[in-house]
Every structure is written in structure tokens, then in C-alpha cells.
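The next part holds the structures, each set out as C-alpha cells.
Look for chain A in each of the two complexes below; its partner is chain B in the first and chain C in the second.
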Partner chain A sequence: MPTIFVDGQELQVKEGANVLEACLSAGIDLPYFCWHPSMGSIGSCRQCAVVQYQNAEDTNGRIVMGCMTPVSEGARFSLNSGSGADQDIDNAVDEAADVTTVEASIDVPTKVPDKGREFRQAVIESLMLNHPHDCPVCAEGGECHLQDMTVMVGHRDRRYRGLKNTHRNQYLGPLISHEMNRCITCYRCERFYTDYAGGTDLSAQASHDHVYFGRHQDGVLESEFSGNLVEVCPTGVFTDKPLLKQYSRKWDLQSAPSICTGCAVGCNILPGERYGKLKRIHNRYNDEVNGYFLCDRGRFGSGYINSDERLNYAGVRDFNGEFSAIKGGEAIEIAARWMKTQEGAKNTQKIVGIGSPRASLEANYLLRELVGKEHFAAGFGDRESQVIHRIAAILKTTRAKNPSIKQMETADAVLILGEDVTHTAPRVALGLRQAVRNKAYELAKQAGLAVWQDAAVRNLAQDQRSPMIIVSATETRLDDIASQTVSLAPQEIALFGHAVARAIAGQPSDDAAVNEAAAALKNAQRPLVVSGSSMLHSAIVDSAAAVADALLADSTPTDSTPTDSSPTDSTPASCNSMLSFCLPECNSLGLALLSEEQETISRLLDRADQIDVLVILENNLSRRISEQQINKLTSSGIRIIALELLDNDLLASCDLVLSAASYAESEGTLVSSEGRAQRYYPVFPEAYERRASWQWLLDLAAASGHSELAELQHFDQITEACGASNDLFAPLAGVSPDHNFRSHGQKIPRQTHRASGRTAINADVSVHEPLRKLDPETPLSFSMEGLNRDQPASLTPFYWSPGWNSNQSLQKFQSEVNGPLRGGPVGQRLIEPQTNGISQSSDFTPLRIVQKGTWQLVPIYRVHGSDELSVRTAEVAELAGEAFIAISSELAAKLEVVDGDGVKINLVAAAGIDSFELSLSVKILTRVAPNCVAYSAGYSSTLALQPGALAQLSKDPDWQRATPQLIASDRSSHASAPQNNRPSPDTDIDKGRDRGEPPHV
Partner chain B sequence: MNDAQMIQTDLGTVLTREEIRQIDTELAHVPYKAGAAIDALKIVQTQRGWVSDESLRAIAKHLEMSAEELDGVATFYNLIYRRPVGEKVILFCDSVSCWICGCDGIKAKISAKLGVDYGETTTDNQYTLLPVPCLGACDRAPVMMVGDDLITHLDEAKIDQLFSDVTVEDSASEGEQ
Partner chain C sequence: MLSQLRTMWEILKHTFTKAETVQYPEEQPYLSPRYRGRIVLTRDPDGEERCVACNLCAAVCPVDCIALQKDTREDGSWYPEFFRINFSRCIMCGMCEEACPTYAIQLTPDFEMCEYDRQNMVYEKEHLLINGVGKYPDYNFYRVSGLQRSFKDKGEGLNEAQPIDVKSLLP
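Here is the complex of A and B:
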């Protein structure tokens, strides 16, 4: 580690770092704009200027850019050059400048010693020439990197009296608001959007003083990661549009550490709340998982939490089939009565439970204990259950590593089997985009370039990338960086995978593509295989495991670590083979580990006549089982108790509905696809009579006389019991400190010390200061009192540090730039690679024979649209658009249809599939496997379509093209008409009763 | 409407055969299609006088770039015209040598004569006046280019002579005064 001197201070710094990184890692405040920890340096903003000295005798020094200057042994720098006496002179001059006129201050003889600071002041001053004075109406105000830096360099007085440049802003869709006048041309937006995230529809335009960042013309930003512009932009050019509609300042937001429930990746998030509404979601740094970035589903897909369709009170159905709201206690009594009657009876198979892959591990565990293991179904669909349990079984036995995203980014060859990762695990796809850059880093190393020299490294590599082979049924969003794409039907994807495994093991295939893929993986140091459940095809995940296993078998065990590989090293893959699976929901893996494969919903329904009470935990069964099965269930006379957060079709058939709290109002543990158990905390107290599912179930257990569960009082105890129930869950206790944890003797505040209006916030209801809500279950408090400092990283409720109001304050919480957080790891990995893994079977015979004239249906997932909950957010629903059928251009020509026309789909009856007909809008794909057509999966109108089903297609002559809809952003201003008139169990009683008690029933 | 339909319905949005031929010639010299972006823009500008949004999208499609990427290139260069210009563009040097030699007066003369300021086009659509930082002919300052012709040692007489056939319509400069 080289030693450098900064203002006389001796620093041990990381080899190969630049001066800016070194300073920030050492806690020295050096202003910057264009540099970003994950995007490296381009040296364009000139803000991180420091003075570098030749040697100890050199007193003059020269100005260099911190971000572009590598550290070297004994190098001398100064931020505020001169020390001691010089500093006094500076202060004296500054004070003099304060009292003299603006004119005069320019003429104050500039003192030689403080070149660096003067330079930085001049840079800010020039950046501010065109920056408007609109901080009070700017969404970035109070968390603005530009504000922070302006204060940091001490630029205070504006001398420029001329006109400012103005720009026309663009409509960029429902998520991002554009205000170009605020731009300081740091280029971070374009570098993130284009270089880092692979977007093509945002660019830097024009030159000198009229540079413009935007699209070619108004339109929705296409990237799935556009929301990161909000955090990447150092000022208010790109801001969070949904937040603008219900704006609160950062310092007024109450927030808590949370985990995204949008998919199984488990990104760490910081949701912010005020007035009982979830306002926005910001990234929570986790160096292993999401780093600095989120996908748009994660950032914008939680609007459903504020939805009018949320269930606020428990509801019971009376004899007329109408729902009436009831008090929570009453609901528990009713449920207990139903459940108790059964307990005394002779048949013990009376109460069954269906869990949920989108509910916490604790809630699922409680339900399983409440009804008994043998009466608990995980709540996956039948085929989903098969694939997900298969994945869980592979992960438990394989010797390959299930990598974090950070580890995936080190992969130097990637094979993707059957996934459009950008839509099924978006944040992973962003990581894979970085993985293919390892080739560029290798070239840079050979050329002696530091990897943070971003522009130079990109110029050097051009489009040379590490190999990425994508084998999928349809085009994917990573095709643009793939070295090879292969379009195959699902069963053939599995065959391809197995063939690659065999080729790696030394049996070349007849298929050149297979051999090419095998060679690429075999030559890699850290090969990665990505697959997943999206095709609902176990053979595909098996084949992925076979490839990962073959890579391990191929390697001779070496002690080499991933970092010490020299560029010329051509040894085959060592034990660094990585295997990652994309899973559908936030707790899919956790639930798979908790449940038995054979207990599926169908099996449960098969013995419907023996069931008296069914408890459904946060699971909309109409998305998992067929309509016939639902009908069978609802007509069977079983009493159905459902815990749910949003109204849905299924609830109308339930007898008792318990209003569950969302992830933002409750605590729980989720197991990500990496096998990482992570805790989320309530961001704000539950309103109305919403309660966390675990709370409902605990009450239910107590009321129904369950002796063991009745002993549990606290959430922590459930976690503990859950951890003790299974060896794999043993690390659960260490995921986060328990509720007794105190930081500096106090609970950790969810509100900033600047939170305003504590006494006035409810003044429209009562002028008395409201009693602070207590939080007995977590070490966090709903308060501004306490310290947000030095706590475990898993408990950091927001990022703020003196002088750093923006999200860049994060660096004060990191151990070093890009390093792990100071307060220890976030989350615990439950599954590590096994030393004696069972080898996967490498054989598989496809069963499906496609009949002439029929097409095999394959699913296409959409980041906006395929997820059940996020699509209940207005902005996401707008982006999701209508369901579609995606076909090749050849088929489109044959059917005589173009984009937007209608195609009639006739499902061919088969085992478990009834013949069925529906019409969908057409999308034309550039790449699709032979004999396959794709449908938008997860959309409510395509729930009846199953992957692998055969269908006949014909043009729908009666199809009405969709007319342009009123965009969601306009809809809210036309809010006079209710958005949804669907009756819900409680809407009637809720009208005009935002804060009141539930009516007496 | 998809791209194919759009092209069928509006002939202004497709490249002509001649343009495609010239662009393809350039493409033969570059390793990446995007490498011919500037040449393609120049080719289309030569043919059409300027590069409209429609033309730009057609070029982008031909070069397999996004319109945003190509627009980033097109708008970067002052001499790729993204707005319509007159038959001839006057590139008037206002750099230091010409300034010393009194280009300000010449510019005033041109503006009075043609009724246009920088960035404007005469009402008869003959001339567009643009400033340019240097034309590399400082030894013959003040200079300007009119279309493809370099005109040196400018003075008022020369301006009168050059634009003798132009008569200013009052309405042209009305809005600007």
C-alpha cells in the first residue's frame, strides 16, 4: 500500500487508486461531480482539482485532477494548500472578501498558497453561471450534490449578471421528470444510461454552452434502469416524477432499511414515507447485492402501497355474500371459532394453509406451524413448484458457487439458459453488463491503464467483450452485448445445455454453437451459468447445473484466487464456476427451503372434501391455479381465511379477509435468489387496522389454542424459532440485531434530525401533539431522536452526514470507496457451495412433439407488467401496456398482421389444459425460436396461457387497435373520476374516513 | 405505426438510392457502421441542404444506430445543419484576426444589406448568416465563405457588389429590431 501525503497528512492508500478515491476513502472531503464510484473517472468537470508537489521542497506545485491522478508512493498533494500560517492568511482574506463589495473581492490580491481551492471555487462558479436559482421549487433541494459541493468549496456570491441559457424540457415518460436548465454537464446521466446500463435512447447532444442531455424526441425512456438517473444526476435535471406529485423533502421523509419485493434479487432499498404515504424509494447500498443501482420496478413499483384498493380493515362475508368490516379482534375470534370447532373433531386434516412466495419467511413459518407441515402448501403453482424446488435442491448440493451480483460482475464468460434476465432479475442483468467488460479490463491491464480510466478503457476496448452466450426462446434485452445468441424452444434449450456440459467434459457436439459455448466457458477463469424458472422447465435448470458441474469437474483444483490471474494465464476454469438462478418472487427460494415439493396447491385441493378451513397467506391463487380449480375450491364449502394487502378477484370468494400490512409497514426476512436472508423493517406504522401477517397469524395461533406458537410474543422469537427449525435457517438469527439492540443507548431514529412539523403534522385532525407510535419489535424508532451513526449496516435508515445532504453521503458509511459498509455485512447467505456435490444427470429427452400447424407458447416477462403487485401502481400499469402475443416477422407475414393487430389464439386441449380461445395484440420479434410464439406472462389477461401449451393462431378480423390512452401522469390531474370502481370488501366503509375508527358493524 | 409503414407513407423519411450508394461507399472504409456517421450526415446534407429529424432517423436506421446516438453526433458539429438553411450559407469569421481588421463593421453591413442577423435566413431563402471562429485565412482577413467560395479582404464595397441583386424586404428584420 503506497503512502501519500495530503496537506501534510500521511495516508495509507489502496494500490492503483486515484487521488480522489484515496481522499474520500480517508474521509477527506474533496468535491467532485463527474466521477462516480462505480463508473470511474473521465476528468470532465475539473471539480476535484488538487495541487500536486514534486517533492518536499516544491512549494509551488501544480494543479492536477484528483480523479485522473493515480496515487504513487510518496506523492504529495494538497487540497487546501499551505498549512498553519497560510491557512490564517486564507481566512483573513476570506473575511476581507466578505465585507468588501463583490467588485473589490475580485481584486483582492490572490494569495499563492490556495491554488487548489481557488480553482475549485472557480469551477463551481462557472457551473453556476447557467444554473437557475430554483432550489426552493426543485425536487433535488435538500439532497442536492451541487448544493453540497457549492457550500463545500465556499462559493457564495454570484458575480455573473447576464442571461442564463434555457432549454426546452422533454417528456420522458411517467417515471422521470426532465428540467434541463439545471444541468451542469457532468455527463454522469449519459455515462450511466448508455455506458453502464446499455441504454440507447439518451445521449449528450450539441456542444459548448448548449450541451443537452435527452432523447432525440419526446418519449418514454426505454431503459429498465432509467430511475437511477434520479440518483446519478448531481442536481435536479432528472427527478422522480411520482414523488413530484406528492412531494416531500428528503429531510422530512421517514425511512427504514428495507428489501425490494419486486423480484427475487433482494436489492436493498430505502423507502421514504410522510403523511402515511410511501413517497419514494432510493437505493440502499449493499456492495454484494445491488451496489448503487436499482431497476425501475424496484424504484417505482411500490405505489400500490398507497392504493385505494388496499385493504384497511378485516372483513367477514355474511349470508348475503356481502362483506362487512370488523375489528381485528373480532376477526380473530371468528377465525378461531372456525378453527377450534375442528380441532376437537376426529379428523385432524381439517385446517390447511397455503403460504406465499411474496410473504416473509416468518409469516410462512408461522402458518406452516399453525396448520402443521403436512397441511401446508407452499403456494407455488404446480409447475412452478417443481422448478423452484428443483433449483433449491440443486443449490443445496452443487459445488458451484451461487454468486452475489458483485461476484457475477467478475465473470469472464457467461452462459444464459432460457432467461431474459433484464426482465426476470433486472439488477442481475445490469451486473452481467459489467461482466462482459472484463475483457476491456484485461486489455487495460495489458496496456497499463487503470480500470477507473473509464473513457480510455472504453476507447481501447471498443466492442471487444468477454463472451456471453444467450440461449433463449425469444430475443432478450442482453442480446446487444452477447457474443452468440441461439434461439431454441425450451426443451431444446435444455438439450443445448446438456450438450455444452458434455462438450466441456470432452465429447464435442455436432452443433458448432455448442462447441463454441463450451470453449468460451472452458477457457474462462470465472465462468458463470445463469438460468432460472421463467420457462417453468426443470430440464433447463438441470442442464444449467450440469454445465456448472462439468466446469468444476473439468478443472484441476488450484489455489489461485480470482484476483491473481495474469493476463497471459490460460489455465482452464478453476473452482470458480458460478451458477445463478433467476427466481420469480422475493421469497421464492425461502419458501422452497421451508416447504415440501409434494405439497402443492393441487394436491391440497384434491382432498378438498376433507378440509374445513383454508388459510391463504398473501397469495392470489388465481395467478397460480386454473379457473376450474378456483371454482372447485370456492364451491366446496371450505371456509377460506385470506390474509391480503390489496383487493383481488380471489377475495370475493373468501369468507374472512384479514388486512395485511405491506412490506413497508411490517418486518420480515426474505431469502433472495442468491440464498441471502435479509431483513426489512417497517418504514411507517400500519394505518387503520392493517397488521403484519405474522401478527395476524400469531394472534390466530393464540386464539385457536395452539400451545407452542402461543408462547411466541415477539417477531424476534418467530425468527429464532424459524432458525431453529431447519439447519439451513440457522444463520437467520444473525441477519440483524434483535429488538433490544440500542445504538448509543438509544433506538435508531427513522427520521432525520431536521424532520419538520412533528407537532403540526396532524393539525387538520387534532391540534394536540400526537403520541409517538412505538415500535416494540425493532431497534428502530418512529422518531427523530437518536443518532444515525455507527449502527450495524443492516439498520441504517437513511444516508446523511454533515456537509453531505445528497445520496453521495453514502461514502461516509462505506469502509472505503466501493467497499462494504462500515457496520458489517447486510444479510446472511444461507447456502454455500458443497464440497461433495452430487453430479447432475446430463441426460434428458424432450417429450413434446409439436404438431403441424400449432405453435408452442413460451412466456415473455416484462419488468413492468409481469409482477402482480407493482403493476397495481398507476405509472407501472401505464408502462406495462396491454398483454401481447409476440411472433416472428415470418409468421406475421403469413398471418398478414403487423404490430398492434389482433391475433386469435386457440389453445389445443392437452393434459391439464382445456381448449381455450383469446385474442391478443401482436408484437413482432427480431428473434424467436422455430415453432414458438411468445406471450406476455403475468398479465391478468394471459393467466390462462401456460408455457409449453400448443396453440393455433389466426388473424382476428374484429380486433380493435388500442387507442392512445390518457397517460397516468395526466390522469392524476383529472382525478375527479374514480380510477377504479370495483367493489372491494371495505371500500364502502372507507369513504371519507381516512383516520377514523372502523364503523360499528 | 411501425417503421416499415412509416417509410412507406412518407417518402421524405427514406434515403434516396444515391444517398445510400454514397453512404455505403463510406461504410466500406470503417470497421463499425457508426464510424461513417459524420460522412453520412454530410452526404445527406449535401443532397438536402440540411438534416431534418426524419432524415436523421433514416440515416440512423441505415447505420444501425439509435436516433439519439446519431443526434449526439449531428448536433455536436456546427456545420451539420439541424434546421433549414438558405441556398447558400454565409460563414462569417468573427475570430481575432478578422476582428482586428474590422469585421464588426462588415457584419453590420451584411446584416443591413440582407436583413438578417446571425442564425437567420433571408426571406427569399437565399442566404443564412452564421458566425464561424476561423476560416484559416487570417492573412487575408476579414474573410467569409459564401456557399463554397472563400471571399477575402472584405470591405463594404465588396459586400455591395456581392449582394447587388438582393433587396431587403422590410418585413424581414421587423421582428428582430
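Here is the complex of A and C:
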């Protein structure tokens, strides 16, 4: 570790770091704009200027950019002191100067004006020349990096009196708002969007002070990661549009550590609430999982929590068939009565439960205990159950490592089998985009370049990337960085995977593509195989495991030091093969681990006549089983109790509905696809009679006289019981501190110390302030009292540090720049690679032969649209559009259709599939496997389509083309017609008082 | 003894001084315009609400007695959907007025706001908003800010250049 001197202070810094990183890691504030911890340096904003001195005697020094200057042993810099001399010499000088200047001894840093400081002031003054005077109406205000840096540098007065540049804004879709006047041209947006996330439609345009960041024309940003622009932009050019509609400042947002429920990746998030509404979601840093970025589903897909379709009260069906809202206690009584009668009859067969992969582990565990293991179905669809249980079984036994995203980013060869990762596990795809850059880092190492020299490294590598082989049925969003793409039908993907496994083991295939893929993986130090459940085909999953296994058998012990700056990889050399699976829902893996028996919903339904009460936990069965099965269930006379957050079709046929709290109003543990158990905490108290599912189930257990569960009273006790129930779940209790945890003697506050309006928020109801809501279940409080400091990282409710109001304050919570959080790791990994795993069989025969004239249906997923809950958010629904069928251009020519035309799909009847007809809009893809057509999965109109089913296609002559629609308010900033907004004089005065008179002036 | 006599003399002297008592409320005292009394929300010279719902007054309020929620007009400009001051908590410190970037919130010399029912001390926007500019007759925030409004296109604000044509190659 080299030693450098900053303002005479001796610092031990990390080898290979730059001065800016070194200063920030040491807790020294040095302003910056263009540098980003995960995107490196380009030295464009000139804000992190420091003075470097040749030696202790050098008094002149020269200005260098902190982000572009590597640290070296004994290097001397000054930020504020104006001297490169070290502390001793400085003191000696002070003593020599004697006591004549009192000011000097009080204010040492300004004794000599620092050239670097003056330079930084001049830079920010010039950056601010064109910055508009609109902080009060800017959504970034109060969490603006530009505000922070301006204050930090000490620039106060504008001297510029000329005209300010202005720019026209663009419509960038329903998620991102654009205000180009505020730009300080740091290039972070373009570097994130294009270089980091692989987007193609946002660019830097024009030159000098005309530089413009936008699209070539108005339109929705295409990238699935566009929301990160909100956090990446140091000022308010890109802001969160859904937040703007119901805006609250950062300091007013009540937030708590949470986990994204959009997919199975388990990104850490910080949702913010005000006035009982979830306002926005920001990234919560977890160096191993999501780092600094989220996908748009995670960031914008939680609007459903504020939906009018939320269930607020429990409801029971009357004798006349209508629902009526009832008190929670009554609901529990009714349910207990139903359940008790059955127990009285001593027939234990009669209560069954269906769990949910989108409910917490605790709630699923409680339901399983309540109804008994043998009567608990996991709540997956039949094929989904098969695949997900297969994945869980593989992960439990494989020797390959199930990597975190951070580890995936170190992979130097990637094989993707049957997965469009960008749409099924978006944040993983962003990680894979960084993995292919390992080639560039390798080249940089050879050329002696530091990895943070972003522009230089990219220039050096140009289009050279680490190999990435994508085998999929349709084109994927990662095709642009793939070294090899292969289009195959699902069963052939499995065959391909097994062939690659055999080729690695030394049996070359006849297929050159297989051999090429095998060679690329074999040559890699840290190969990664990515597969998943999206094709609902367990043979694909098996083949991925076979490849990872073959790589392990093949690997000779090699040194597994990654090329980039993450030396924490402590896996043994024999474990350098990685195997990752994309799973559909936030707790799919947890539920698969919990439900050891492969009891499925259909097996439960087969014995419907023996069931009296069915408890469904947060699960919309119409997405899991066919319409016939639903009809069978509802007509069987079973009493159905459903716990649900949002209204849906299934609830109409339930007898009792309990209003469940969303993830933002309750606590729980989720197991991500990495096998990482992570805790989420309530962000705000539940309104109405919504309650966490675990609370409903606990009350139900107590009321129905379940002796074991009746002993449990608190959330922590359920977690403990759940952890004790299974060896794999043993680490659960250590995921996060229990409710007794206190930091500095107090609970951790969910509100910032600057939260406003406490005595006025409820004053319209009653001027007497209510007692704040207590939270007995967690170590957090719904209050501003307490300290957001020194607690375990899993309990950090927001990022703020004095002088750092923006999300850049995160670095004060990190142990070092880009390093782990000070409070330790977040979450516990439940599954580690085994030392002697079973080897996967490489034998597989295709299941289905496609007849001529028919096409095999394969599912295609969309970030916006395929997920059940996020699509109930208005903005996401707008982006999701309508369901479609994706076909190749050859097929389109044959059917004589173009994009947007309708195609009639005739399902060919087969085992388990009835003949069926449906028309969908056409989307033409560049790459579709032969004999396959893809349908948008997860959309309500395509729920009847099954992957692997055969269909006949024909043009629908009666198809009405959908007209593109825009939400009018989104376009409003482009409205130019002046309006007379003068309000009428306020005559509407209540309480008989005249408060509207003008003041005495 | 002497001291007591002196005291009596001093007090008796006051019999002949002019009384300071004012016949309030018939007689109103003069209060300077910057006296810190009842809070109002003012309008800009064009008659529009000045408040842009930036939340700074609420943030700076030491007793947290201001609550508001931002809403958006059709042209994208901000205004408070509701604006509530709980005067039963207000200490008339005037920090909200100091914080206000648009001169919207102002304190007036009216101090007569007693109520029998404390709930009546809660003022909503309709009670706070007046039809005047208050102490600052000329200021209109949106004329000087870079934001586009229905009455002002980009480049038409104070000290603003015409919008840049990105497609132009001219320097």
C-alpha cells in the first residue's frame, strides 16, 4: 500500500487507485462530477483538481486532476492547505512564524490560498454559467450533487451577467423527465446509458457549449436501465417522472431498507414514502448484488402499491353472493370457524394451502405449518414447479458456484442457455455487459493501464470482448455483445448444452458452433453458465448444470485472481466455474427450498372433493393453472380463503378475502436466485386494515387452535422457527438484527432529521397530534429520532451525510470507494457449492417433433409486461403495450403481415392442451429459431398459451391496428398555447372567517 | 425611611406623565410592514399563485407546522395541491419567509388570530392565499427561471438566449 500525503496528512492508500478515490476512501471531501465509482474516470469536468508537489521542498506544485492521477509512493498533494509540506514541517513553519498572526493559527488552511481550491471554484463557476435559476421547481433539489459540490467548493455569487443558453427538452417516455437547461455536460448520462448499459438511443450531440444529451428525436428511451439516469445525473436533467407527479423532497421521504420484488435477482432498494403513498424507489447499494444500479421494473414497477385496486379491508361473501367488507377480527373468526369444524371432525385432510413465490419466506412457512407439509402446494404452475424444483435440486448439489452479480462481472466467458436475461433478470444482464469487458481489462493490464482509465481502456479494446455465447429461441437484448448467437428451439437448446458439455469433456461434436462454444469456455479462467426457468423446460436447466460440471471436471487448479479490482473472491481454485439461474419471482427459490415435496396445485385439485378449506397466499391462480382447473376449483364447493394485495379475477370466486400488506408495508425475507436470503422492512405503516400476510396467518393459527404456531407472536420468532425447520435456512436469523437491536440506544429512524410537517400533516383531521406509529417488529422506527450511523448495513434506511445530500453520500457508508458497506454484508447466502456434487447426466432426447405447417410456441418475456404486479402500475402498463406474437421476417413474408398486423393462432390440441384460437399483434424479430414463434408471456391475454404447444398461424383480416397512445400529461411541457390560469378570487371561505383579505402594506 | 419616601415620590411623579395605554381595539397600534404576524401566500404581479411547492418553508420550519404537497399544472409548472399551516404551533419566527425563493410566503402585521377552538387555527391554502403581491410587488419567479411555461417559451425568460439548435453546425 503506497503512502501519499494530502494536505500534509499521511494516507495509506490502495495500490492502483487514483487520487480522487484515495481521498474519498480516506473520508476527505473532494468535489467531482464526471467520475463515477463504477464507471471510472474520464477527466472531463475538471472539478477534482488538486495540486501535486514534486517533494516536500516544492512550494509551487502543479494542478492535476484527482481522478486521472494514479497514486504513487510518497506523492504529495494539497486540496486546501496550499502547501505540499507534511504536517511536521507545517507545524515547524507555524512555530517559526511565532504568535504574531493570530488569524493564521486559527485558520491554517487559508493561510496560503490553495491553487487547487481556486481552480475548483473557477471551474464550478463556469459550469454554473448556464445553469438555470430553477432549483425550487427541480425534482433534484435537496438531493442534488451539483448543489452539494457548489456549496463544498464555496462558490456563492454569480458574476456572469450574460445570456444563459437554453435547450428544448424531449419527451423520453413515461418514466424519465428531461430538462436540458440544467445540464453541466459531465457526460455521465451518455457514459452510463451507452457505454455501461449498452443503450443506443441516447447520445451526446453538437459541440462546445451547445452539447445536448438526448435522443435523435422525441420518444421512449429503449434501455431497460434508463431509470438509472435519474441517479447518475449529478443534477436535474433526468428526473423521475412518476415521482414528479406526486413530488416530495428527499428529506421528507420516509424510507426503509427493502428488497425489490420485481424478479428473483434480489436487488436492494430504498423505497420512499410520504402521505401514505409510495413515492419513488432509489437504489440501495449492495456491492455483491446490485451495486449502484437498478432496472426500470424495479425502480418504477411498484406504483401498484398506491393503486385504487388495493384491498383495504377483509371481505366475506354473503349468502346472496355479494362481498361485504368486515373487520379483521371478524374475518379471522369466520375463517377459524371454518377450519375448526373440520378439525372437530377429525379429518386432517381437509385444509390445504397454496403458497406463493411472491410472498415472504415467513408467510409461506407459516402457511405450510398451519396446513401441514403434506397439504401445502408451493403455488407454482405445473411445469414451473418442475423446472424450479429441478433448479433448486441442482443448486443444492452442484460443485459450481452460484455467483453474485459481482462475481458474474469477473467472468471471462459466458454461455447463456435459453434465456433473454435482460428481460428475465435485468440486473444480471447489466452485470453480464460488464463481464464481457474483462477482455478489455486484460488488454489494459498488458498495456499498463489502470482499469479506471475508462476512455483509454475502451479505446484500447474497441470491439474486443470476452466471449459470450447466447443460445436462445429468439433474439435477446444481449445479442449486440455476443460473440456467437445460436437460434434453436427449446429442446434443441438442451441438446446443444449437452453437446457443449460433452465437447468440453473431450468428445467434439459435429456442430462447429458447439465446438466453438466449448473451446471458449474451456479456455476461460472463470467461465459462467447462465440459464433459467423462462422456457419452462427442465432439460435446458439440466444441460446448463452439465456444462458447469464438465468445466469443473476439466479445470486444472488455476489461480483465480480476477483482473478487476475485486480481490475478495475467496472461492477455491477448483470452484471457478459459475452456474447461475434466472428465476421468475422474488421468492421462487426460497419457496422451492421450503416445499421439498413436489406437491403441485393440480395434484391438490385432483383430490378437490376431499378438501373443505383452501387457503391461498398472495397467489393469483389464474396465472398458474388453466381456466378449466380454475372452474373446477370454484365449482367444487371448497371454501376458499385468499390473502391478496390487489384485486383480481380469482378473488371474485373466493369466500373470504384477507387484505394483505405489500412489501413496502410489511417485513419478510426473500431468497434471491443467488440463494441469498435478504430482509425487507416496512417503509410505512399499513393503512386501513391491511396487514402483513404473516400477521393474518398467525392470527388464523391462534384462532383455529394450532398449538405450535400459537406460541409464536413476533416476526422474529417466525424467522427463528423457519430457520430451525431446515438446515438450509439456519442462517436466516443472521440475515438482519432482530427487533431488540438498538443503535446508540435508539431505534433506527426511517425519517431524515430534516423531515418536515410533523405538526401539520394530520392537522386537517385533528389539530391534536397523534402518537407516532410504533413498530414493535423491527429495529426501525417511524420517526426522525435516532441516528442513521454505525448500524449493520442491512438496516440503513437512507443515504445522507453532512454536506452530501445526494445519493453520492453513499461513499460515506462504504468502507472504501466501490468496496463493501461499513455495516457488513447484506443478506446471507443459503447455498454454497458442494465439494462432491452429483454429475449431471448428459443424455437427453427431444420430446416433440414439429409437424409441417405448425409452429412451436416459445415464451418471450418483457421487463415491462411479463410481471404480474408491476404491470398494474400505470407507467409500466403503458410501456408494456399489448400482447404480441413475435415471428421471423421469413414467416412474416409468408403470412403477408408486417409489424402491428394481426395473426390468428390456432392451437393444435394435444395432451393437456385444448384447441384454442386467439389473435395477436405481430412483431417481427431478426432472429427466431426455425419452426418457432414466440408469444409475449405473462400478459393477461396470452395466459392460455403454453410453451411448447403447436400452433397454426394465419393472417387475421379483421385485425384492428392499435393506435399509439401517449398520456396527455406527459406531453404537457411541450404545450405552447398560453392559458389564462388566473384563479378566481378566493371567496370560498369556510368557518365564517375572512382570512382572504390583503395584508396591511 | 428616606428610601421609602423616595420610592413614593418616584411613583407619584408618574401621575403627571402621559398614559401609554392605547384604546385597543378601537385604536390600532402602528405595526411595521415587516412585523411578523399572520402568514399569507401571495400572488405574482400576473395574478398567479407564487408558491411553487418547493417545500423549503416546511423544511426550515422549526416547529414543523407547515405541510404541503406539490401538484403540476397543465404546462408543467408546480403549485401546492394543499398548503396547510398549523398556527397553533407556529411561533411566527419568519424563517419560512426567509427560505421562500419566490416571495410567496410572507408574514403580515396582523396578529389578531385568537380562536376558542384550536382546530380553527389550522389554515388551509384557501385561507392563506391572498389576491396581492404582498411586500414584493415585482417578482415573478417563472419569468427568471429557466422553465418553460404556458406564457413563456424557452429563451423568453430574463437573461435567456434563444434555444440552441442542436442540428446546426454553426459555432
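Assume the second predicted complex is superposed on the first by the 913 of 1001 C-alpha atoms of A that agree within 3 Å, B and C clash if a C-alpha of one lies under 4 Å from a C-alpha of the other, contacts with A are read in each partner's own complex, and residues count from 1 in each chain.
We adopt the following convention: a residue touches a chain if its C-beta (ideal position, glycine included) is under 8 Å from a C-beta of that chain, and two chains touch if they have at least 3 such contacts.
Just so it is clear, the structure is predicted and the values come from calculations on it, not from any experiment.
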Practice prompt. Figure out whether A:Asp308 sits in contact with chain B (first) or chain C (second), or with both, or with neither.
Written response: neither
- Query: Which partner does A:Thr200 reach: the first (chain B), the second (chain C), both, or neither?
  - Reply: first
Comparing chain B and chain C in the superposed model, the one touching more of chain A is C
Applying the touch criterion given at the start, work out whether A:Tyr275 contacts chain B, chain C, both or neither, answering first, second, both or neither. second
Exercise. Where does A:Glu720 make contact in the superposed view: on chain B (first), on chain C (second), on both, or on neither?
Worked result: neither
Please indicate which partner A:Thr166 is in contact with in the superposed arrangement: first for chain B, second for chain C, both, or neither.
second
Ask   = Looking at the overlay, what does A:Glu333 touch: chain B (first), chain C (second), both, or neither?
value = neither
**Asked** So, A:Asp479: does it touch chain B (first), chain C (second), both, or neither?
**Response** neither
Discussion item. Contact-wise, after the overlay, does A:Gln462 reach chain B, chain C, both or neither (first, second, both, neither)?
Written reply: first
- Have a look at where A:Asp382 lands relative to chain B and chain C in the superposition and call it first, second, both or neither. neither
Where chain B and chain C land on the same part of chain A: residues 205-206, 212
Chain A contacts chain C in the complex at 132-137, 141-142, 161-169, 179, 181-182, 205-206, 208, 210, 212, 214, 244-249, 251-252, 275, 754-761, 763-764, 766-768, 969, 972-973, 975-979, 981-983, 985-986, 988-991, 993, 995-1001
Interface with chain A, chain B side, in the complex: residues 2, 4-5, 32, 53, 56-57, 65-69, 71-72, 75-78
So, in the complex, the side of chain C touching chain A is made of residues 31, 33, 38, 40, 46-49, 52-56, 58-59, 61, 63-70, 72-78, 82, 84-86, 88-89, 101-102, 106, 108-110, 118-124, 126-132, 134-135, 141, 144-148, 150-151, 153-155, 157, 159-164, 166-168, 171
Listed in rising order, chain A residues that touch chain B in their complex are 200-207, 212, 215-217, 462-463, 898-900, 924
